[in-house]
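In the two assemblies presented below, chain A is common to both, partnered first by chain B and then by chain C.
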Partner chain A sequence: MMKRNGTGWLFASPYLLYAVIFFAIPLIWSMYLSFTDWNLISPVYYFKGFDNFIEAVKHPGVQAAFFVTFKFMAAFVPVVIVSSLAVALVIHGLPKFKGLFLIGFFLPYLASGVVSSLIVKGLLSHNSAFNVFLRKFGIEVDWLSTPLSALLVVAAIIAWKFTGYYALILTAGFEGINKDVYEAAAIDGVTPSQRFWKITLPLLYPALFTVLILSIGVSFGIFTEVYQLTGGGPNYATNTWQMEIFKQAFTNLSAGYASAVAIIASVVTFASILVIRKLLEMWGKRNGWV
Partner chain B sequence: MKMKKAASLFLTATIATSALAGCSTGNGGSKSADGKTTIEFWAAPNPTQQVYWKEMAEEFEKENPKIDVKVSPIKESPTSEASIQSAIAGKSAPTMSENINRGFAAQLAESKALVPLNEVEGWDELLKNRNMTDTVKTWKFADDNQYVMPIYSNPMLFGWRIDILKEVGVNEIPKTYSEVLDAVKKLKAKHPDKYLWAKGDLADPTAWKRWFDFFMLYDAASGGNNFIEGDKFVAEDEAGLNVLKFMGDLQKEDALLTKQATDPFESGLGIFTDLGPWTFSYWEEKFPEMKYNETFGLALPPVPDGADTENVNTFADTKGIVIYASATEEERKAAMEFMNFVYSNPENDLKWLETTKLPPARDDLSSNDSFKAFFDKNPELKPYADAVPNAIPSIDNAKYNELQTHIGRYAVNPVVKGEVDPEKGWKEMKKAIKEELKK
Partner chain C sequence: MVGSKKGLTFRYLIAFALLIVMVFPYLYMVMNSFADWTQVDKKVVPTEFTMRSYEWLFSGGEAGIARPWLKAFFNSVIVSTASTALMMVTGAMVAFALAKMNFKGRDFINNAVLFQMFFPAIILLIPTFLIIQNAGLYDTYTAMILPKAMSLWAVFMYTNFFRAIPDTFIEAAKLDGASNFQILYKIVMPMSKSITTVVFLFLFMERWTELLWDMIVVRSDGMLTLNVLLSQMFGPYGGYPGPMYAASVLLTVPIIILFLFFSKQFKEGMQFTLK
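What follows is the complex of A and B.
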């Protein structure tokens, strides 16, 4: 038994070492920093107790990050779920070349967020062909300086990026549904609507559950698109947790305060995902899907 | 069993050692057994400055065989400031680096991460040899020390589309706020779809963006009066309010476009913009139709009515060299020797000017014969050289990011969008800045 344990530990040691160096130590270090006013370079620094946390909770940037995340979630999750479901349904129904189309839709996921954001920035600039065309019809939108449109533009880019990835998971879910079930249902005379709600959705639930949790997780980690397109503005309308942490840590060089914000963000993320996960499980159980 | 345990421990220790060794990049410099001092110099992360500094290092080493200068670029991930900060925290800071602005230097100086250059032997000689005694005065920090050796002092100027101005009947570049507003009226009458100032950054609170709008106008309106001194807000209310009122008037005349636009000045969508000398190399390649004194002209910032329109102050985009506190005495001395070598010869400043088009921070830039041929060949850069003595560098407060964000968030951004009146914007900005300074 001892011998088996030793070999097990030996094989697990690279991961354990990785986790200790890149996860546990930074986490403990960050927790320590969050109680100080250290800027990482000063030889003199002071313990501030919970001051950083109190200051963070009162800060408009942090308050905005809390609400903006849920706004992004409300805009991004439904769009990405519907679009990835639609893509998965179409690909599932294809007689041939499913893999090829899946790769095609997956490509935006591999695209650099910086590049796609810069392209969108060009497309939405005041003198772009798109806006010149809209102005011919009297439509004048300040896409990135209006709170709602800025939020929707960022949500749309991220939805575009993740649709193919989630469609891949959902397609695997569709492929896993036994065709015999549909045949039996057809014999029983079920309608297309019943077929979707009573057969497809329950059997797709595990894949859908995964996609929902992943997309909710993405809402808490938005950074590149916001950084490139809006910088968190206008007036904090797109200020995400990551954006706020970046600004405090790397622009204002307030490492202690930024650590406190990061810890608050982790707690909010963890608690939110836990609650949403429980709700999703309850939804599945109530419908008898799990 | 013992063997396996030992092998397991050995493997773990090897991985740990390798991983930790990978985190280190060595220290900033050293002195080897043969008495050679090695200094590490981090240069700005752009190819032209890399080439310049490598060339300087090679020439210096030929004359100073006992000193090695290792030039490498500052990493820009996530920002060059963050890379420097991480290097200092990781005890792997170089001996010296360039590309440091005054605000960041103030942050580093507050953390005792910089060497006061005035305490290193050879500093006075350097100022004298480079003829920069006056220029460097504005670089003195609140504690009376000099932490940065300014390489270039780039007075920011405003570019005007003189071809469009002439087309609408304005033959002289406007110098006062009233003249600007008159030009706007003429522009709007003929081209309602054009703007005076088309710049999305006007509505963006990011701190550094205020250098290229608010501070240019404030320095001009206040005659170069400080905005912050040490930990005190000392800005001149009248000048600040005048700037905001000017911005508010432009907004009322529909002369500001605060949406993002592609190449607005070059396309003629806007006819006024802040311009730095780096723009001209870019234009040579991408917009060859932009010709100095034909399509565009350069001018100091407009001033309030009644103010002197000569010797107008403007913001100076300036960066310089610092020596890090982690450097040993030998390394500090070697670093100062290297700077003295580079800056004792005006030819090296000329080479810098030719390579980067950024005006060296010297008192005699527009009068020294070494640079005459260059400015004759590049007349669009002459106004920058002329304005060097009137250029005001950025504030030297460690909280400059937060402070300048407040200028944007409470004053400039809402005023240019017509959301608050200038008085209210100025009052709220002052309140936020004072609270920030108290923290």
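What follows is the complex of A and C.
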């Protein structure tokens, strides 16, 4: 028995090492730093108590990060749900080439955020075909310098990336639905819209729930596209948590203050996801979907 | 749902149209990397083509703003390969312990993995950077590989998969005198090819396109990954969109080829993960 315990721990040892060095120690260090005014370089620093946290809550960048995350979610989640649902609806059960389509739709997921940002920057540049076309109708938009459109552009890039991946999950959901249910409904003279809302959606709910939770999680971790395209601007309109923490820690070198922001971000993220998850579960239960 | 033949044709047309819209950005990227420089970002479909963007890129660009693009590509290959390989080995090892071994503390480790997986990682960014810096690893490959030598998601995926493997296989091998390492390497892993493909593709893709971490732990020109170098060139190369698209192709095409190469196993593996 002793020996078996030993090999168990031996196999688990990579995790134990990793958990100590890259989780426990950083976690404690982060909390410690958040009470200091350390600037990442100087050997001397002082304790400030909760000053960093108070300062952070009052800071427009932090306040923006809080709201931008939810605004982003409000744009990204419905768009990605509708687009992935549309893809799944069209391709599920196709007798031929279904796999080929699924693979094709999955390709955007492989794009680096840097590359998709570059492409979008090109597509939206002043003399791009798209903007020249719009100018013919007198429409002139500086997409990345207008707060609302900048946010929507970033949301669209992320939705593009994840649509095929989520469609894969939803297609599997569709295919798990027993075909007999539809036949029975057809005999009962159910209309197509009733069929979607009363049969397909409830049976698809588990897959839809997964996609909702995944997409909400994604909303809290946006960095690359924002960093490349807007730097969090204009006027904090796209300032995500990661962007704010990166700027404070590695541009302003305020390691202590940035640690406090990171702690706030983690608590907000954790609590938000928990609450949204509970609400979704309650919603599903009330409709009798779970 | 599958209706008449006419309805089916209609669905194929819609599916194809949607697919064109979705892969259009990639087509746009490839076309612009070959487009004549007067046409880059000016036309939806360029009409004149040149290799100039690629020549420019591989010669490093112009004096003053010359950068080591090819070196960056190899840095990406080294870092992503090493990191992914480690994540897969550690992931399978830990998962094997969690799924197939009985030992004191197993449930504790299992819960710790799940807890850490759902813990917002942003809180760890600054101190992890400081650990790397204090260990004297700043500006090294190790700095990019070591903190990404383990993936909790990989542990989670492998644990679920290994649990579905009947214990009889393992018991039989034990009676034959096989060690745990031999059982994992010779029996369990060959049975897990499809899930291994899924785990490998997701991990490699994620590592290949990482920006934030690789950007803060590395500074010197010769150490940058291709993704970071491309990111840094947004401003300075702003007037040279053609080479930027060529660099994007260089960054994107390998990962797509890898994915297409394994697409059959990927589909099989996804079936399991989506159940």
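The criterion applied here is as follows: the second predicted complex is superposed on the first by the 276 of 290 C-alpha atoms of A that agree within 3 Å, B and C clash if a C-alpha of one lies under 4 Å from a C-alpha of the other, contacts with A are read in each partner's own complex, and residues count from 1 in each chain.
Keep this in mind: a residue touches a chain if its C-beta (ideal position, glycine included) is under 8 Å from a C-beta of that chain, and two chains touch if they have at least 3 such contacts.
Since this is a predicted model, take the numbers as computed values, not measurements.
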Partner chain in contact with A:101 - chain B first, chain C second, else both or neither: second
Partner chain(s) touched by A:266 [first = chain B, second = chain C, both, neither]: second
Partner chain in contact with A:21 - chain B first, chain C second, else both or neither: both
Touched partner set for A:253, first chain B, second chain C, both or neither: first
Partner chain(s) touched by A:39 [first = chain B, second = chain C, both, neither]: first
Which of chain B and chain C A:149 touches, first, second, both or neither: neither
Partner touching more residues of chain A, whether chain B or chain C: C
Chain B versus chain C as contact partner of A:9, first or second or both or neither: both
Chain B versus chain C as contact partner of A:182, first or second or both or neither: second
Partner chain(s) touched by A:122 [first = chain B, second = chain C, both, neither]: both
Contact residues of chain A, present in both the chain B and the chain C interface: 7, 9, 14, 21, 121-122, 125, 127-128, 246, 249-250
Residue ranges of chain A touching chain C (in the complex, touch as defined): 4-5, 7-9, 11-12, 14-16, 18-19, 21-23, 25-27, 29-30, 33, 86-87, 90-95, 97, 99, 101-123, 125, 127-130, 160, 163-164, 168-169, 172, 182, 220-221, 223-224, 227-228, 241-242, 245-246, 249-250, 255, 258-259, 262-263, 265-266, 269-270
Chain A contact footprint on chain C (complex, rising order): 1-2, 8, 11-12, 14-15, 18-19, 22-23, 25-26, 28-29, 32, 40-44, 90, 93-94, 96-98, 101-106, 109, 112-113, 116, 118-120, 122-131, 147, 149-150, 155, 180, 205, 208-209, 211-212, 216, 227, 230-231, 234, 241, 244-245, 248, 251-252, 255-256, 259-260, 263, 266-267, 270-271, 274-275
For the chain B and chain A complex, residues of the former touching the latter: 1, 4-5, 7-8, 11-12, 15-16, 19-20, 78-79, 81-82, 85-86, 88-89, 107-108, 110-113, 198, 200, 203-207, 257-262, 264, 267, 269, 399, 401-402, 409, 413, 417
Chain A residues touching chain B - in the complex, by the definition given at the top: 2-3, 6-7, 9-10, 13-14, 17, 21, 39-44, 121-122, 124-128, 142-145, 231, 233-235, 246, 249-253
